Amino acid sequence: MKISIVPALRVLKPAAILVLVAFFGLGVGYWSNATFSSDTSPEQPIAFSHQIHAGENEIPCQYCHTQASRSPSAGVPSVSKCIGCHNEIATERPQIRLLMSYWENREPIPWIKVHDLPDFVHFTHKRHVLAEIECQTCHGAVETMDRIRLARRDIDGTVQHDQTWEMRLCLGCHRENEVENGTDCWTCHK
Amino acid sequence: MSLFSRFMDGWRKYRKPGYYDEFDYHWTMTVDLDSCTGCEACMTACQAENNIPLVGEEELAKGREIQWIRIERYWEGEYPNAKLNFLPMMCQHCDAAPCETVCPVSATYHNQDGLNTQIYNRCVGTRSCAVYCPYEVRYFNYYNHHWDSPLDQQLNPDVSIRGKGVMEKCTFCIQRIREAKDLAKDDGRRRVRDGEVQPACVQSCPTKALIFGDRKDTESQVYQSMNNPRAYKVLDELNTDSSVVYLKKVDA
Amino acid sequence: MPKIDRREFIKLVGAGGVGAGAGFMLRESKKDPTEYLIPYVVAPEDFSSGIATWYNSVCSMCSTGCGISVRTREGRAKKIEGNPSHPVNQGRLCGMGQAGLQVLYNPDRITEPLVQAGDRGSMSFEQITWENGLDQLAGRLELLRAARRGNKVSFLTAGVNGHLAQLIESFMRQLGSNRLLHYDFDHPHTLYAANQKFFGQDHLPYYDLQNTNLLLSFGADYLTNWISPVHHSIGFGTSRQRQAETRGRFVQIEPRMSASGAAADEWIAAIPGTEGILALGMANHIVSQGNYQGADRADWLAALSDYSPSQVAEQTGIPERTITRLADEFTETQPSLAIGGGGAANHSNSVDTLVAVNVLNYLAGNVGSEGGLLFNPVPAGTVSRPHQASYRNMLELTEAAHQGEIDVLIINGTNPVFTLPAAAEFREALAEIPLVVSTSSFFDETTVLADLILPSNSYLESWGDHFPEAGVGFPVGAVSQPVVSPLYNTRATGDIILGLANKIGMSSTIPWTSMEECIKAGWRRIYERGDRQTLAQGFDEFWTALLKAGVWGETTNGSTAFTPDQSVIAGVSVAAPEFSGSEQDYPFILHPYLSANFHDGRGANLPWMQERPDPMTSVVYGSWVEINPTTAVELGLIEGDLVDIESPQGQVRAPVFVYPAIMPNVIAMPIGQGHSEYGRYAKDRGANPLEILSPQMEQITGNLATSATRVRIVATGSHIDLVKTSGTSRDLGRNIVQTTGSEGHEVSDVRLNSIPITELT
Amino acid sequence: MEAENKKLGYTDIHEDVVRSIVVTGPKYYAALATSGGLALLCFFFPWFYQLYYGIGAAGMNHPGVWGTYLASFIFWIGLSHSGTLLSCVLHLTNSSWRKAMYRSAEAMTLFSLVVAATYVFVHVGRPWFAHWTFPYPNQWELWPNFRSPLLFDVMAIATYLTGSTIFIYMGSIPDFAAVRDRTVGWRNTMYSLLSLGWRGTDTEWHRLHWAYTFLAVLIIPLAVSVHSIVSWDFAMSIVPGLHQTIFAPYFVVGAIYSGTAGIVTVMFVLRKYMGFEQYITKLHFDNLGKLLLVLSLLWTYINAIELFTGWYSGTSDEYEQLSFKLFGFYAPLYWEMIVFCAAAPLLMISKRFRTSFVPMLVLSIAINIGMYTERFLIVATSLPRQYLPDAWGFYSPSLVEVSIMVGSFAVFTTLFLVFVKIFPSVSMYEVKETMDTPKLKAAISQAGSPA
């Protein structure tokens, strides 16, 4: 005749341990997916390196993303734009050959979208560029990325925000800079 | 600011209809019932501008139409003296809106421009706002709508498509208002000029029965128009303090 | 640490593994589907992503020709709005015009040239190349032309305007055929004839609603579909928003209250066909009361002697008081204006009726005066009046077909199989024609019977121009330019004809290779007749300016002076209307009217139009028959009861709608539904009243008398729920729509403005 | 009471109750399978279909945007008001007859609340976001709208659910202990967990009684407030027919009314099929009958007042709504409700009626049907008849809605069936309290058992 609750708990112990282990496994699985099969830095059809272009050669962002200052969308450079330079430059590299093949077949390059906002968010580059906000504020230190990836907090914490783009980033910035109607939902959602 | 004072501040705001000491703009529409011919050009304009889904006959038979602006008909008298009056009815953007108090997640609230907002991605679909709205201008998405290709190529990229389980309603064409403000900024202006922004319905109205503008600008057409002696508000007795002013039909 | 035995260990590993898997999948499931950023290969100049571009063009949804400006994003048309600088619609646009987008993006469009493989109407079409298609047709034409039998070719087109009309004309001339027919169901033949007869002018005058103080409309639904509805609406609005004392007064005389009737201050019911008699009654009163003091007063007295108000009151059933009151109002209020259309213009005596309306205008001194009726100058562009085909002309065509005189029939943009009564037997006539070619881009009732389909672009994809016939008192023209590149493998009508032309070898007279060239050449001529400072700038500047503005106008006005001669005055009289079918067997008069949503049926394949409630009844997706409440009670009918409408020519079935403002002995049905083809949205929906019309004509013009058919109603006993969006259309004393006396009328200064296009681009 | 329990010894009670838990006949399994299957088929399947397709699966439309889901929601909330509230009141008024039946009554509360809560998820358009109605810090830096009656609702129901769960659980701890001491194996383990090592010492008894009374006092206002708040969902709107100050008391009375009727039903079933004849007696039915009678009179009065207010307002809005309710399409339902909830209960004036089981069962069911109708009418006759006649519509439930409504009863039954196998469905120790203490010998023979 056991009255105390303890023996009953003892019976449950092994089961409890199993559950704990399973939870641990859950975490591991999640982390491994995030690390090894990431969607925040996918393989692009052409291994275009922002590090080389924006970093080493210091080409200004808006040289290619021409519309950033006058349109909601920054715009992807047309293939002709790439060819404009790469007719002469580094024509022998395999990746440039690949680019050429696209050009000759008059095919667009199917870049994979990395910085993707939900459809119900209507962000406009124009206003932000005109407000002289650094591209890096949201896109991270693009000039250091060989393959473009969604901005994330680096070890030294250079980029102040976290792996995925979250609404509080927008809000925080809007609050800091006292944007007018900066926290009105209809400023971005319509 | 201490918690208490913050609370008191919140309380004061809360007591104020619309909780703003002063609106930034106060967008207002006037509808001249004397000029409205019920041609419904406004309805098509609205559908085209705001990606309003095609519902289909079966759903319409169930009474599930989606019309951000609709024309109401009221017959008067009998033959041969029958008269038909038209009443364009869209979201009245009430400054004391019943729908705003009831939404549990604040998907609809009053913004600093005197507009009654509807944030689709925040909506959980309790539909209580539609119950509380005496004008019945809030429409619910009972399922995911679809456009036969290539009709979808017409959809306006500036307006979100509403999925199933979401409430929607007239926004006074917020995308146009935003665009106008954007242009004003480009010109280094603080404010939008009168007539610079018009909702799709106002823009298309063949008889100019609809006028839209900022009530705070005393020079604006809408200000003059709403101070017309014929001005009245539909269901004014409910004290919704709506931002759509109707001009009485002249019975001559 | 307790020692773990094997089983224990395996359990743990298992648990961990499962957990890990779950975690991995969890993260995986959170990923959004991959999206792509597809750049241009070569970036186009004229637009950039994320920024709207506006193109000015011309609306072709009806024959009015309003100016439109189309908003495009990333090369796709998003919205159609009125062109603010176009004097006809001044930035405004009707619903159907805005629904033009759904013509462009309609899922039921024909995307390729097709040839009928099976029998006619078997819908077994095979896809062919343009070359092949054009060759097939051109071959035939060339043979006939060589054999000097070009007249066996007939070209049946919708009422096209501008240089396209010119092109078709010269093409047919080259072929040596005089069988070029412009067929529109709603073309106002009688109005033209009446103006010809009374004013001696073969084009429409400008009706100045904007400045008139009293409008007397005999059946013309000027706000919905009469000549230039948007322009009239603008006029209506402006006159409504004038100061109290000059607020326009509108009186509508018609058997069934139309939208214009609802907007009017006074609505008077009149049996269709008696409007003219009423008008003359008023004229008589005006003259006899000495409110008209012209030199030819005596002649008028003589001519109008049989139309004393009392007599007229008997014939029309409208009380004498009303007639005299209206007559007095009409002369006292200045400027005033009388117009005629709708049922009044489509009856056995319509020309006389409309002449009578003109008489009123003349006697009240409204002719040539502002706020009255202003003569348009001779139109700038080409107007193809002579080819306008009345019902009689169409009968001649069918007759010729039966005689075997037609070898090739080319049909462009018109759908006679639908809009002609069954009695015309057009469908049968088609069967007699060896080769029927359609350039329609939809499978409408006529096109499915074609052997060869050369699908044409929608108007938003093609070049063209339009010179509004009704005009605005001075010549106006507008160029329509493609706002999007063609979606499918289709060609503009003009380009099809040019293609044929140079295959047949007409390049000497038709030198152009594309419609754009043709239009440009035409406009060079217009440019050359311009004044000095126009010519000061080069044609290219002129052209680009034209495209940017989308509209062109000339500051020349028509003549203002006018006096009718004896014979005309003597000839003024209106015969009693003739109806087919005896009153005993067919107690009701059928009054079909152009639907606000579908016009003559061309709009029925546009989902927006199908879903838009009918302005008066709020019915969607279907058709109905309007019956007076008392009649309904007598017949024991309620809303939704299915009834058969039987005329000597046949019967249609439709649900009842009890309509408070229609004469007890008249029933009305909207035209436009009841398509047997024409795409998923239109097919097998509602009924088409035109089918059962008796083939009765107005004698002078041969125009079909649509309101002259008598019918009877047979209840089928079955009932459906009419799909409509209105609940209860009575305000139950809740005073929702408030009204005030005219003294309370006051308006603020309201200017007309629209989004400045320049700022948006 | 005394008379009937004379022959009963403590042991008998224990045996009866433990038997009801341990011994399970095929009948039970059959019942469980049926109700479980029904719940799956009629509730969860249609619900998942609706989740996939959208609320369009239901019959709601414009302007009838609320439908049977809400009606059922109120109904279940109402049903929940019986148990706990009643047992609290009776506990405080210290009426001994309560003791045999309160456990099952509380269970009813609990489960109807659970069902009601599920209905919230069935009702909303995007249930997967329903957690947004709870105030919790989030990355959007958004809070719910604290002015919304719906938010009050969420809070109230959550609290009530917690409260009554603790109440029923605490009340049954001694009995868990008792069962624990008479079972072996997994049951023993389970009950030793549930009974939290209850020993039955005086201190434990003392604390239990104190806490129990404390909770009872706490729950009564809670229960009242919950249904007032539910009523505000409607009353705070300005819909003609809903915008009424009487609504809060109206709903509370209605709730207790239907709840009490529900108890009668449940007690009949327990008595008949769980073999509790000796515990649930005529006396209980008699007393509950009296309670029902009073409630029905109250309910009738409030209904009359509601009509009067509408008529007295003299506005077309109210008139139209009333006439639609009384003479419109749903009029038969209305009069059915009047018969079931206002007329029929008057029979209970006679003691003979009150003390005869089957008629009471029938009546209690009738009352609850009537009460469901009432809730349905509230939604279905007011929303489609609002201020703008042109926007008037008509609402009728779709197959999915009806099936889910039926299914919800199956869900309830299933939960209850599970309950009777886990909880001692009659409170042993309290029943014992009503008996005179046995000989010391007998007491020793059950050493370790409480009291």
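Each chain gets a letter, A, B, C and D, in the order it is written, and its residues are counted from 1.
Everything below uses one rule, namely that a residue touches a chain if its C-beta (ideal position, glycine included) is under 8 Å from a C-beta of that chain, and two chains touch if they have at least 3 such contacts.
This is a predicted model, so every value here is computed, not measured.
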I'd like the most central chain, judged by C-alpha centroids against the all-protein C-alpha centroid. B
Inter-centroid spacing, chain D versus chain A (mean Cα positions, whole Å): 52
Using mean CA coordinates as chain centres, what's the chain B-chain C distance in Å? 31
What is the distance in Å between the mean C-alpha positions of chain C and chain D? 64
For chain C, residue numbers touching 2 or more other chains are 726, 729-731, 736
Listing for chain B: what residues touch at least two other chains? 65, 72-74, 87, 109, 122, 235
Once you've mapped the touching chain pairs, tell me: line, ring, star, complete or other? complete
Along chain A, where are the residues that touch chain D in the complex? 1-9, 11, 166-168, 171
Counting only contacts in the complex, chain C reaches chain B at residues 73-74, 76-82, 89, 91-96, 98-99, 101-102, 104-107, 223-224, 229-230, 233-234, 236-238, 240-241, 247, 249, 257, 259-260, 262-263, 265, 267-269, 487, 596, 607-613, 615-616, 618, 620-622, 628-630, 660-664, 680, 721, 723, 725-726, 729-731, 736-742, 744-756, 759-760
Of all residues in chain D, those that touch chain A in their complex: 139-141, 177, 180-181, 188-190, 192-193, 195-199, 448
Which residues, counting only chain B, touch chain A once they are in their complex? 24, 109, 111-113, 115, 117, 119-122, 158-161, 171, 174-175, 178, 182, 185-186
Residue numbers of chain D touching chain C in their complex, please. 316-317, 320, 387-393
